[in-house]
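To keep things clear, I will list the structure first and then write my remarks on it.
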Amino acid sequence: MSIKVRYFASLKEKIGRSEDTLPYLKPMTIYEVWHHFNVGTTIPENTLAAVNMDYASLDSLIKDGDEVAFFPPVTGG
Amino acid sequence: MSIKVRYFASLKEKIGRSEDTLPYLKPMTIYEVWHHFNVGTTIPENTLAAVNMDYASLDSLIKDGDEVAFFPPVTGG
Amino acid sequence: MAIQIKTEIFDPFEEIQAYQKKKFADIKSIGASTIFIGTMRDFNEGAPIKSMTLDYYPGMTEKQLDKIILSAQQQWQLIDCLVIHRVGHILPNEPIVLVAVWSSHRGDAYEANRFIMERLKSEAPFWKKELLDNNQARWVIKNTNGYTSN
Amino acid sequence: MAIQIKTEIFDPFEEIQAYQKKKFADIKSIGASTIFIGTMRDFNEGAPIKSMTLDYYPGMTEKQLDKIILSAQQQWQLIDCLVIHRVGHILPNEPIVLVAVWSSHRGDAYEANRFIMERLKSEAPFWKKELLDNNQARWVIKNTNGYTSN
């Protein structure tokens, strides 16, 4: 199985990708997921994270099959 | 000249008239206007009064040509 | 800004659209519109209601509504307001009141709309007389404060 | 209760009327309806705006809107809610968002509507990218809190 990682809006443009896929090896935090793909790049201030389409803090643990997402503050409405 | 007195809604039904006219003789309060036409009848609790279509207190003085109105609390909307 | 007292049934959406078209089909500074529609319920104060008669004080009603809207315009940044109120004989489901407020920002649009409605309910001279299912008629005694209760 | 994400322009009044007709043409317990319509302005943060692109997170957006409406239903007595949000390419004057709330009482209808809008603006994953008059594009950085500011 694997972890799907998604990026949206300005963050997607900044890192130049909309998606990453990570083979699931061990429990890790959302913060670790970010650094796995964005080595040496700190998460931009105010970045929001979601796991399976619910908001989650960066130190939440993810499990196999989860969808993780990173995006800037929302600006709808 | 004269003072026109109007009654609305349940108050109109209660006293059985919608209008009175009073020849203007001297300055008087709204309270006195009421008692001029409704001798021995106290003003029902919560009755509102208006002079020339603006709310006014019962002790306001009226002048010649004024339109005075009495009505119960409003219930629109 | 417009105030209308109507003796016939009205369609709130047609009224809003007609007003928008006439007044500001192309004002691109409108960011927020709030609309309140009050409709007649078939139940009030524990009794089923068959119909209602809405009485008012022609002249004073318009004058008070004018003052209420002016006060809203002084407190919030508004582009336009439309207030329509029904009078006469009204059946359940029919609209009684429409308050529409147009602004650049939602805070202004929400607050001014509610302010206009609360003031209308406490100050505009309208009176409701309900006809109950048993054909008895009764005057509605007072309006509640919508900020603190339902 | 319904949530719709639309990629094409929509007419808020047609949507409300169609929804009302389908859902409760004859619920005579509705006393109060509140409607918020957010439309695109041609000016934002000191610059004229030519158009806008609204991005979203399909699936999460709907999920969060569901939760927001559920939370409103738990706090206020509501008969129904309709939320429509535009995505894709949007021009000035076009509607972006519609929130309609139906209730028996105006306090519930006003408060729930505003609550839904504020939560939508702070939690529903939508992102606006503005195209300025000089053809430069910029992402909108953050939404303001509509309870405390404009």
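Every chain is named by a letter (A, B, C and D) in the order it is written, and numbering of its residues begins at 1.
The rule is short, and it goes like this: a contact is a pair of C-beta atoms (placed from the backbone, for glycine too) under 8 Å apart; a residue touches a chain by one contact, two chains touch by 3 or more.
Being a predicted model, the structure only gives us computed values, none of them experimental.
Once chain C is removed from consideration, the other chains connect through touching into the groups A, D | B. Averaged Cα coordinates give chain C a centre that lies 23 Å from the centre of chain D. Rounded to whole angstrom, the centroid-to-centroid distance between chain A and chain C, based on C-alpha atoms, equals 48 Å. Between chain B and chain C, the centres computed from C-alpha atoms are 26 Å apart.
Work out the mean CA point of chain A and of chain B, and you get 72 Å between them.
Multi-chain contact residues of chain B (touching two or more other chains) are absent.
Multi-chain contact residues of chain D, defined as those touching 2 or more other chains: 38, 117.
Looking at which chains touch one another, you get A-D, B-C, C-D. Those residues of chain C that touch chain D in the shared complex are 13, 16-17, 26, 28-43, 77, 92-93, 104-110, 113-114, 117, 146-150. Residues 38, 54-57, 59-60, 63-64, 85, 96-97, 117, 120-129, 139-143 of chain D touch chain A in their complex.
Interface of chain A with chain D (complex): residues 6, 8-10, 46, 50, 53-55, 69, 71-77.
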